[in-house]
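Shared between the two complexes below is subunit A, which has subunit B as its partner in the first and subunit C in the second.
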Partner chain A sequence: MTGADRPLTMEQIDALCAARAASPRPDPPYPYAGPLARHVRDGDRRLLRLTYDGSPASVRLWNFLLTEDERLAQARAAGRRLVGAMKDLGTVAALAYAYPGVTAFYTDGAWWIPCVMEMSEGLLGIASAHGLGEGLCPVRAMLGAFVTRRHFPIPDLLIASVGAVCDDLSAVAQRLESLGHPILWWEMPARRAPEPGEPAVALPGGLRAPAAQVAFVRGELGRVRRALDGLTGHALTDAELAAAIRAANAVRARLAALRELVFTAPACPLPALEHQIAEMLAVHFCSDRDETLRVYEALLEAVRARVAAGTGVLPADAVRVFWVNPVADLRAMNLLEACGGRLCGTDFLFCHALDPLPEDAEPMEALARAALADPMVGPAADRAARIASDAVRFGAEAVVVSRIPGASHCAWEGAAIAEAVRGRLGLPVAEIEVPPLTDALAPSIRARLEALVETARARRTR
Partner chain B sequence: MICVGVDSGSRATKVALLDPAGELFLAAGAVDAGLKPEAVSAALLDRLLSDCGRRRSDVGAVIATGYARHAIGFADAAVTEITCHAVGVRRVAPDAATVVEIGGQDAKLLRLAPDGTVQDFAMNDRCAAGTGRFLEVVAARLGVPLDGLGALARAATAPAAISSMCVVFAETEIIGLLAQETAPADIVAGVQKSIATRVAGMAGRRVETPVFFTGGVARIPGMAEALAEALGAPVAVAPDPQMTGALGAALLACRRTPPKPGA
Partner chain C sequence: MGERLRVAYVSPFVPPEWLEACGAEPLRLRPRRDPRDAVPAAGACAFARAALSAARGGGDVFVFATTCDQMRRAAERAAAGGARVFLLNVPATWQTPAALRLYREELERLARALAAWGGRVPDPAALADAMRRQEALREEVLAEAARRGPRAFDRLFAGPGAHAGPEPPPGRRVPLALVGGPLGAQDAALVDRIASIGGHIVLDGTETGARTLPPRFDRRRIDAEPVAVLVEAYAGSIPDVSRRPDDALYAWLRREVPLSGARGVLLVRPVWCDPWAAHAERIAEATGRPVLSLDLDGDAGARPGMDGRIEAFLEMLR
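== the complex of A and B ==
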């Protein structure tokens, strides 16, 4: 682990990039390039507290992530239709990108704004003032972003799933609608196992559901499709949708390859922080599907080079940790590595956005099957089973179940997942709570992660 | 060479000195943590060394544990309380299967593997309601010294129901109970039961026995009984429970201390 393979501060990253630019062999140009410090000037002060991977691919990843608001403003200025796709985490975005002139984005991704802006924007405070207090998931920050109108343009169409999805998001979206932002709601049933003899359909991720449930979701997505037809004045053909599914799968395939390499390489080739960011891109393509693909390809190239050279970004004996749920304060991912751990598997609550959309089914059927594979709409036992299976596959030595305060799914599912992992695999599990600002809890989180790493190390010699 | 364990906790600093074989307990002591963990730890270490006629140059390795473990600059390594309490308890109770440690501001439950290493653990969540801090608040509110709580609790006839999940609100609840003329003994017993119940909640559905109780709160009479009732299993208090973490740290220091030349 030398040079750019060490964790670097933002200042060091920018100095490194400047040196590369001035060298005889500068990094190739790419969209949205520039010093990371400019994002701090925009107010993202928490970025100063993180440490980063110094590879050009990772810097490109950060620049792509942190310029989404610019991208959306440019899209609006260029006359593109903006679609806010809420909650379904991947399916509606895949559909919306089938339309010419449409940019879809992850409106509820605004839950991350307080994570990088030191709460200086006061988005959570605005949400509280509208009756959405700390008892709800930080996704309530989205309401504040709609009120301030400073983070993204107001979409031309808002689409949200409701039913067996996130209760917190449903509450926030309903409040949003009451403030004068109409929402196209589509219903998601609670996925259940087929009854004996009941016609059933295989879903991505090795799941099965009654054919009737898939048909129902397909009907609901049909309403979404008609709304998009109306918005764009374009009657989408199945051939266009099939092409969009293939394009989405091309993105997902790159991410799948990246995950496989990162989780299985003997020396960890990509830090946990950048890995989490990379996975998040797949949900809604960060408002630019083509650039998402190129960012993944750059990351893959960098990671492959490290794997081939046998170099990693962490000590070779780092404890292999499977991480469940995304963190609201990104420092937690840095902390895992500071405590001697590395990622070797993840379930950030959107595994269905990582699995390939079925290409052997009729396109709307494919979308319905993928939507119904959402880990949030099925039993916690289904999710726990996949986590346990992946933990074995990737050789996890320990599991972290991270909770986000107020997020109802995290609260209910965390204990069930931890119990399942302990029971089936006998692995040590640490449950931690990571709020948007971890300062007060940092010693407690650190103690849990350090203890988990110590426990896993002790098991090696058992 | 002497092996040193420093347990720099939120309420007290504990230091244990062992011979390199980890067999002979040379000295041990505890003082209030204060605001400067390293200075307090160093002063206690120097006093203990002096008491047994040794000097700093006689010290082999130092392991720090506890809340301020990373602040002990003279330590060779920092190890969590989870690991140190497991090692410390196994030294005094080789058959221990479960360890409950309740300290000044957190509580932990450890499941040990047959070889004594930690198999899994759980810690209390954000609130201090399941920790020694709760007892401190009650003692202050009732005007009773901390070490007098146990004796007071023995006089309880009907332990009060303390429903609050938060120390701050629990204090309000206690004020309410006092206003209703609830006997202080019943309040203390109720608080002990509340702490024990919260800790038992971390155990899940299965508690392997024997269960050993360590940490400063284990010294308070009545807590072990409350814990046993909540866990539904017998609970033994580890010998000198406040020192278990420091003992474990010292034993880990022994593993790092090279044997004496020629020994």
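== the complex of A and C ==
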């Protein structure tokens, strides 16, 4: 780790930005360059408590992430149709971006607002006042964002997958509809293994599902497509959809390359926090697919340069940790590294948004297969199998199963995944719970992560 | 003829008629959580945990339904533990022909599984007979419930009745509607507690009460197309909280609560049950009645704190 590559505070990042602005090769133009302090002034106070990667590519990533509300407002002002998707994480967005003049985003992404704004926005309180209390996961912040109308424009069309989804989102979305926001509900059946002799289809991620389930989901996505046709007045052609799938795959291919480099390089070339954010972009391209590509290209260039130079952002002996589930508080990613770990494999609950969409199938068939590959719609055993396989592939030495407070699936899935990983790989596993703000719990989370890292280190010498 | 295959379940979306026609003995359970069972960490729904316990001990086969995430996970865990489990995909949407077709295909898949385990594939005549029998039983129970309250629903469940004794006469007790999630074996005693405190349940709108019973079958078509009639009644009509949108649930509440004469609504849900998480305000608005929310964790028959809350609620309603 060199001096320039060490974790930086926001003030240090902003000083770097000021210096770079005067250099012969300045950062990319506004709004994707420049100091992060402006986002703090907008209320994103968590930025003051995080540490950052100092590369211009990472600063661009942060600025891109933190200006999505501006992009959505501009899209609305420019007359683009806004589609708010919920839950399927990746599939409906890929479909919606096939339409000219449509910007799609996942409104459930609002679950990070309480963290980023350190609860100052009051979204969880608003959710509680509407009956969505602490027994539900932080996705309830989404309802607050609809009530205040301060974090994103109200979409022209809301689309939610239901059925084999998490109960939290389903309950929050239903409450949202009861407040006068109509929702197009589409059904996602619980994915099951094909029965003996039953026609089956290969899904992304190495899964298989009965052909009948794929056909059903294809039909449901057909309903979504017709609704989008109606919204836009444009009858989408299969050729347009195929082009959108190729464009989505171009994004996913760059992210796949980034993941491979970050997880396999001898010295970690990108911090966990920036890596998690990079993965999040793939879900709906942070409302700008072209800029997502540019952000990934910049990150790849920075990471390749570090790998080629043999430099990293963490000590070379950092313990290689596979991380399961997204964290409600981004600071948890910093904590992992402060405890001596590095990211070496992830399952942030949207692996299906990272896998390439099949290009050898009809476009609607491709989307249906991808939707059914969602780790949340299938058995926890499928998810655990992929985690175990990826953990081996990336050489993980330990696994963190991060629980989302109140999430209906975490209580059951966490134990199943932990048992499977321990049983198959014999790796040490820690289950932790990460609330939207970890400050009060940081000592106990830290203690658990340190114990995990120490255990993994001790295994090296055996 | 050997003993019939015993098929246990807890979901109202599992039709006992279908199980009968498959040659099985349907056992709808009010599950009881076995404290000795290893259960998932905090955050797991009390009723799903009880269903997991039941799956490990009741029946030859346990049929779970996908109406909530936690039951789906409980089914996986039961299967992983060696229980013979069938997970029935019940669509959350109900307004499309595709959703009804999905449910029908799931029933057919269930029939094939039961046939492989010792049951049989149902024939239409046997199914129509079973539908008439089960419907007659439900109508008897509903008539009895109108006279003597929620205790009447015990007849729809396997095992001994969940209640301590006969329903005391209403007297001057406050008429209440009980609405919400399912009552497990330990929670069914809540009805007795309410009676002892001064309340009188005039409408059982829990998942284990009147609300989730299918409507009357279409008699004109029952012989010609019994499967379609069954599917329409179960997948197309039960006003459950899991349906999206949940319009049918609210239509039922708007109709039944005022009809029942209830002065207030007790909204019950198992601890950590998300589907019932945000309904108190909506139910109050829909029914025009005050609502008291109660979380159940498998010991509702003996919780002094809960008694105090109910007493205060009744006092307000008097």
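Note that the second predicted complex is superposed on the first by the 454 of 462 C-alpha atoms of A that agree within 3 Å, B and C clash if a C-alpha of one lies under 4 Å from a C-alpha of the other, contacts with A are read in each partner's own complex, and residues count from 1 in each chain.
In the analysis below, contacts are C-beta pairs under 8 Å (C-beta built on N, C-alpha and C of every residue); 3 or more make two chains touch, one makes a residue touch a chain.
From a predicted model like this one, the values you see are computed outputs, not experimental measurements.
Within the superposed three-chain model, A:L132 lies in touch with subunit C and out of touch with subunit B [touch as defined at top]. Look at A:L441: by the touch rule set out above, it reaches subunit B but stays clear of subunit C. Of the two partner chains placed around the shared chain by superposition, subunit C is the only one that A:R192 touches, whereas subunit B remains out of contact. In the superposed model, A:S178 lies in contact with subunit C only, and not with subunit B. In the superposed pair of complexes, A:V162 makes contact with subunit C only, with no contact to subunit B.
In the overlay built on the shared chain, the residue A:W412 is in contact with subunit C alone; subunit B does not reach it. Of the two partner chains, subunit C is the only one touched by A:P379; subunit B is not. More residues of subunit A lie in touch with C than with the remaining chain of the pair subunit B and subunit C. Judged by the document's definition of touching, subunit A residues 431 lie at the interface with subunit B and also at the interface with subunit C.
Chain contact summary for the complex, subunit A toward subunit B: residues 419, 422, 426, 428-431, 433, 441, 443-444, 447-448, 450-451, 454-455, 458-459, 461-462. Considering their complex, residues 67, 79-83, 106, 113, 115, 117-123, 125-126, 204 of subunit B touch subunit A.
Within the complex formed with subunit C, the residues of subunit A that make contact are 130-133, 135-136, 160, 162-168, 170-175, 177-178, 183, 185-187, 189-190, 192, 195, 212, 216, 219-220, 223, 379-381, 403, 406-416, 431. On the side of subunit C, the complex with subunit A involves touching residues 40-45, 66, 68-70, 72-74, 76-77, 80, 87, 89, 91-93, 96, 98-99, 102, 105, 109, 112, 242, 244-246, 272-275, 277-282.
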